[in-house]
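In the two complexes that follow, chain A is the common piece, with chain B as its partner first and chain C second.
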Partner chain A sequence: MKPLILQGHERSITQIKYNREGDLLFSASKDNKPNVWYSLNGERLGSFNGHQGAIWCIDVDWTTTKCMTGAGDNTCKIWDCETGKETGNIPTASSVRTCMFSYSANMAVYTTDKAMKQPCEIFIIDVRTIDDSFSRQEPILRIPISGSRVSSILWDNLDESLITGHENGEIIQWDLKTGKKINSIKEHDQLINDMQWNKDCTMFITASKDHTAKLFDAETLMLLKTYKTERPVNSAAISPIAEHVVLGGGQEAMEVTTTSSRAGKFDSRFFHLVFEEEFARVKGHFGPINSVCFHPDGKSYASGGEDGFVRVHSFDSSYFEYNFDY
Partner chain B sequence: MAKKKTDDKSDESSKLNDSDSGSEEPNFSDPEDYVDDISDSELLGDLLHQKPKETDGYENVIVVDGVPQVGPNRLEKLKSVINKIFNKFGNIVNEYYPVTADGTTKGYVFLEYSNANHVLEVVNLTNNWKLDKQHTLSVNLFTDFDKYDSIPDKWEPPTPSPYEGQADLHYYLLDPDAYDQFAVVTVNVQSVQIWQNTLPEPTLVEERNNWTQTYIKWSPLGTYLATFHKLGIALWAGPQFTQHKKFTHAYVQYIDFSPCEKYLVTFSAQGDPANPDQKSIIIWDVRTGLEKRSFNPEGPSAWPIFRWSHDDKYFGRVGNDVLSIYETPSFGLLDKKSIKINGIRDFNWSPTDNVVAYWVAEDKDVPASVTLLELPNRNEIRKKNLFNVADCKIHWQKSGDYLCVKVDRYSKVRKEKNETKYSGMYCNFEIFHMREKQVPVDSVEIKEPIQAFAWEPVGTKFAMIHGESPNINVSFYEVKVGLAPILLKKFEKRACNHLFWSPGGQFIVLAGLGANGGGSLEFVDTNEFLVMNTTDHFQMSDVEWDPTGRYIFTGVSFWKCKVDTGYWMWSFQGKILKRINLERFAQILWRPRPATPLTEKQQKEIKKNLKKYYAQFESKDRMRQSKASKELIEKRAALMEKFNQYREQQISRWEEKKSRRMALRNNVDTDELDADTDNVEEEIVEFFVKEEIIPID
Partner chain C sequence: MPAAAVKSSWADEVELEDGALPPSTEVFKNGLKIFTEYKVDEDQKKSKIVRTYRVEKRLVSKSIALRKAWKKFGESAYDKPGPNPATTIVGEDVYIQFISSKEEDNKPDDDGLDKLKALGDKNVVKCRNCGGDHWTSKCPWKDTVLAKMPDDKKPATGGGPSADGNKMGGSKYVPPSMRDGAAATDGSSMSRRDDNYSAIRIANLSDSTTETDLEELVKPFGPIHKLYLAKDKLTGLCRGFAYIHFKFKNDAAKAIARLNGHGYDHLILSVDWSKPMNNQ
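On to the complex of A and B.
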């Protein structure tokens, strides 16, 4: 399983995402230039030039026509996937930490950081038509967050509710009609770095700094499974075809210099979804892994690291032959 | 507050007075002919024991008997004699010399002290005081007269307290599979866990939070578990780890058991502020929990200050130019005096005989020497003079057959402001053949600095780490009867700083502990000097062999390193068996075992028939393994079934919402990747694969 190594970023990767079909891979990095890659051979298709700060989040709509990025330069931008042109720009009061298109891609959400006396806020915007008036357009809904800031976000698959993961480990479910909290739980002790759906959006996995990843039911927020490691988990993903999850993480960037790369544990770690047992590790990154995701066909996965590389791994046949006895 | 109280009182009393004056008071006095028929015990039985006795207040009074009987003319003289004796214990506030009708004293005296604390001491120290040939004073407490007077004439035998059977202290040795136990300390809740190393997974025997306040220690034969507390040491034993004994000694830092577990030595530098008289070293009897003797250490010395002989009969310590050997159970000095040895620096007992080895530093013209001294007869078995000695370390081989003295020697010495500086250091190993006539001594010289030295516990080999980083070498020597030690093997350029022999000998682990060690591990079989495995446990701080030499724990302790704490278990061949990553893990200790009761012949017999036993154990292991895997599979099957049920519900709900999802995405079915092939636009992308330039001729 020799991985494709995508070398195009000059600084650490913050988030990577496949489009719905999985032929393209979108990567966001602190170097201000999100890239798009062919997932098949790792060739770079192009970059979105225009941001002036670290990109914290990236998302692509289901038709792969629009791409959305949020950055530390206090903007959230919409890009045209085909041309790579910036089509919409929303100035914000502070860094944009998370962004995501809704299931229909008629709407999108982004959240801003609590900074410079600005509260953390959730903004729901209409992205059906993107023209010159887009940046002046009022958001459909604004939810100011008084407590701990939002660090990760998910839409449901009916455009009705949102799930946010917070800095203090809390998970909150929001009703979009009313803008009110429906449900909240606190199963993590520390920052939730990432949340990802399973294929049918009925369960989601969280990755937390508290060294665990957890699986929840999407409707009730019931805790289903816990995957334990010895390091902060930065990202976790669920395989679309097998009962597997992959966790990426490692020693925090600021502590890395004090430990050897082996002790930093920068491996992608595979757990069984149901048994919570670790069964494989993939080495390669020489810094913590910041983002992992499965290809929609489940035959490969990609990881983006603090080291600035994206590694696309296609699974060997032995991966598909491996089965837990039960 | 006090003022307020008095105010309250005065209020009350004034109220009482008011009522007194306000209305006519009925007369409560008894009529004159009234006879009280209620006894005191009936009326106030619960208070009666507090009733003041005639002797109350006489605690400070002593009675001195046996005083010479003198006439009034010599009374003053007698008083001054008595005062001379008794004044030094405290302030005498009252004295009384009873006299007969003619004025001669009656031969006894009453003395009252200002403080009851002195009185006991006075009685202890002055009773049977010899005043002169005819007169011996007998001193007693005044209260004792009353006490002994009131002893009932008829003796009632005390009721025996019911016998409390002691728990079986050695139950853990009766385990049919001879599984060993180990203890794990975690620091956040100070929890101690006792595990039994069963196959295939260890079982938790006992777990208690706040079982110890610092660390724990097993007794040398494994009978007791010692835990450290603010107030002292507690010993736990038996199947349920019930408390065996407590030893009250505040803020104990170090403890040491005698080799046969009869005595316990505790050391507390801080001491108990509430009990300043308590000395910093106390020796206790483990079985009774009583203090046997206490000491204050003189000058700096390394723990253990007291070293025990192998049979618990003697213990000793080094003082200034003396070696003090004490006897048990009397806890007095052997022959009532210490052994005078000028310049003695350190000593150690043979692990099998009552022989001590000590070394004496150089002093002007007298060379340094190592001496073997037999006890209790103080017979000098062997003395070896040494020159240019900076320091000596005494290493006894566990079976007592050999003694190795590591001698640090110098080629030059300089004196600088009271500090002696040595240069050109090299090292000698003096090997004493204890079992041979006249104890011949062989010498091995190593020109490099020595990092570590260790005897094979069973066998005749010793290993040492020598050299300077990065050229660290490990050498193995063998000693044989009548021969100088032979170099067997030298491993060059190794990354290790500690040696850990298997308790059974033959196998050794070379380990790099601490921050510079890197956690390297090398498992060596010293029969053929085969390196069985080279691996590491990063940041490792501890290596612990189990008492049988089958397993090894390596640990990263929270005391040394804050991340990745936990313990790993290895087989003696260096195969990783388990990795337990435990947050705030601090200490792991195997429970020791007593020496085997089998004779050497029986052990040989077993070794010879190992093949026979091997098959038995193999089949037993296989059965356990299959049972465990069966359990695991059952557990997994249950989990899977539960999960599948949950998933089915989810999926059926998901199916119901399909139309709504489709509506959101322009009626395109995106549930599966290839669910809606009609709506797919195929895009053909050409990749530039290879460029070839072919020159055309």
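On to the complex of A and C.
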């Protein structure tokens, strides 16, 4: 397969996401301009100009009208997908690490870092109407986090609870009506960099610096499967059509210069969802992969790396014909 | 002025290059967009860049079609329709590397083990004195007269094992060229091919042949290690030949014997051993 290489960023990619239909691919990087691309031919639709710091997170609502970014310049911004204009701006006390629209996109969540004497905090906001008063609007709910900071977040599909992944490897489920913890587990030893749903939001996969990715049941947070590698895992995604997961990672960015790219193991690695066994690899990045995601039709996937490139791979027939022997 | 782009001879070209660079052109030809551009690079050398795009029409849902018509914004506001080569490039071919599952790796070992086990029941151990299945040192006839007359025994029992060895490749080493299966082929094919797999080349395939067709065609002969069908880059149609790597040489020989001259899809196939690339 010939991947499409998207070179719209000057610094490392932090997160990439497809919209619901998968025709657009949103990419955020440590430079201050998130990009949006047509996933089919790699054409850039545009960039969202206005941030002044590294973008840590990006999300798009299910109608692909609103896009949300959180950045190191202490703001969380809402953008209009069609025109690329900034429609809403929320100033925060510290940098915004994670953000996500709820399933209905009536609400959104963002979390701030524990920095500059500010605690780590979860904010739930109403995003139904975005106008001039949006930046002054009080959040619906604020949950201060006393312990380890939030490093990844997921909404459930009923807009009733939140799942947060933390720097110390903890996973906490929050009830939105009360703002209280429902459940918490600690199956990882280190930072959880990414969490992604499966297609029907019954399971989610976590990617952690402790060299593993784990599959959990969304309702009970029960550990279902563990995918072991020998490098930190930065991102993991579940295929919507096959029982496959893809893991992206590699050694830490700060250690990259001291080893050759071959030793770094910067491949996307495909594991069987059930048997936890690696069955395929795809090479290409020059640095660790920071974010991977499957196209919603499952026929292609994209990866964004520390090297600043986004690579969109459309699987060829050998992938679909491959049968896992068991 | 598209006519300027059509140059009749190199002489005209030189004259043209004295002045300004020719304008870039865009030609649409049977579903392809050919974009030609002239540039002066850092070394003051003029270069011609030809990019070929395939223009495709796809039926998509309404919302996607609507989004496709959105105007570009931000950094891309001034980009023309279609991918901008500054931000989008098509990467080199990468392959998804499948890691063969453990079971496949184990299979040959198991087979070998089974063979050994089967042999073990018969005669792994053979007495040098009497030819019985026990160690020479444990021979019951060691100190008797029988031990001193191996010449009598050998023609009787010694003939047996050697004949057996030819039949089932058992206890005695038999060079590959002397084995049953290889007898059909001549000695000249004792090249590096023999080390791994047996490749055959099928030529004169029709252009509508697909990999699945090919697989169906050759599968009856035996397990296949690899199958390569040459395809046209643009159209994806078969280019008329294919290489099949069989796991076993016997199967490959059988396939050649059976398929050479076989009528397939209105054409007559020509099948032979695949020649190594650096064939002298």
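The rule is short, and it goes like this: the second predicted complex is superposed on the first by the 325 of 326 C-alpha atoms of A that agree within 3 Å, B and C clash if a C-alpha of one lies under 4 Å from a C-alpha of the other, contacts with A are read in each partner's own complex, and residues count from 1 in each chain.
Note that a residue touches a chain if its C-beta (ideal position, glycine included) is under 8 Å from a C-beta of that chain, and two chains touch if they have at least 3 such contacts.
For clarity, every value in this text was computed on a predicted model and none was experimentally measured.
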Check your understanding: Should the superposition on chain A be reported as showing a clash between chain B and chain C, or a fit?
Key -> clash
Exercise for review: May I ask you to decide whether A:H313 touches chain B, chain C, both, or neither, giving the answer as first, second, both or neither?
Suggested key: second
Check your understanding: Taking the superposition as given, does A:G147 touch the first partner, chain B, the second, chain C, both, or neither?
Key -> neither
Review point. Touch check for A:E21: first (chain B), second (chain C), both, or neither?
Key: both
Check your understanding: Which holds for A:L158: it touches chain B only (first), chain C only (second), both, or neither?
Key -> first
Check your understanding: So, A:F324: does it touch chain B (first), chain C (second), both, or neither?
Key -> both
**Study point:** First, second, both or neither for A:P119, with chain B first and chain C second
**Key:** neither
Review point. Thinking of the overlay built on chain A, is A:Y38 touched by chain B (first), by chain C (second), by both, or by neither?
Key: both
Practice item. Scan A:G53 for contacts with chain B and chain C and give back first, second, both or neither. Key: neither
Review point. For chain A, which side has the bigger count of touched residues, chain B or chain C?
Key: C
Review point. Touching A:P139, do we find chain B (first), chain C (second), both, or neither?
Key: neither
Point to revise | Part of chain B, among the options 80-88, 530-538, 620-628 or 656-664, whose backbone runs into chain C after overlay | key: 620-628
Study note, to complete from the structure: Intersected contact list for chain A, partners chain B and chain C 21, 38, 41, 43, 324-326
Point to revise | chain B-touching residues of chain A, taken from the complex the two chains share | key: 20-22, 38, 41, 43, 62, 103-104, 106, 157-159, 200, 202-203, 217, 224, 230, 251, 259-260, 262-263, 273-275, 296-297, 324-326
Practice item. Spell out the residues on chain A that touch chain C in their complex, using ranges where they run on. Key: 1-8, 21, 23-24, 33, 35, 37-38, 40-49, 64, 82-85, 270, 277-284, 311, 313, 315-319, 322, 324-326
Review point. Inside the complex, what are the residues of chain B that reach chain A?
Key: 538-539, 563-564, 581, 629, 633, 636-637, 639-640, 643, 646, 650-651, 653-654, 657, 660-661, 664-665, 670-671, 673, 685, 687
Exercise for review: State the interface residues of chain C toward chain A in the complex, per the touch definition above.
Suggested key: 58, 60-61, 63-64, 67-68, 70-77, 79, 82-84, 86-99, 101, 103-104, 211
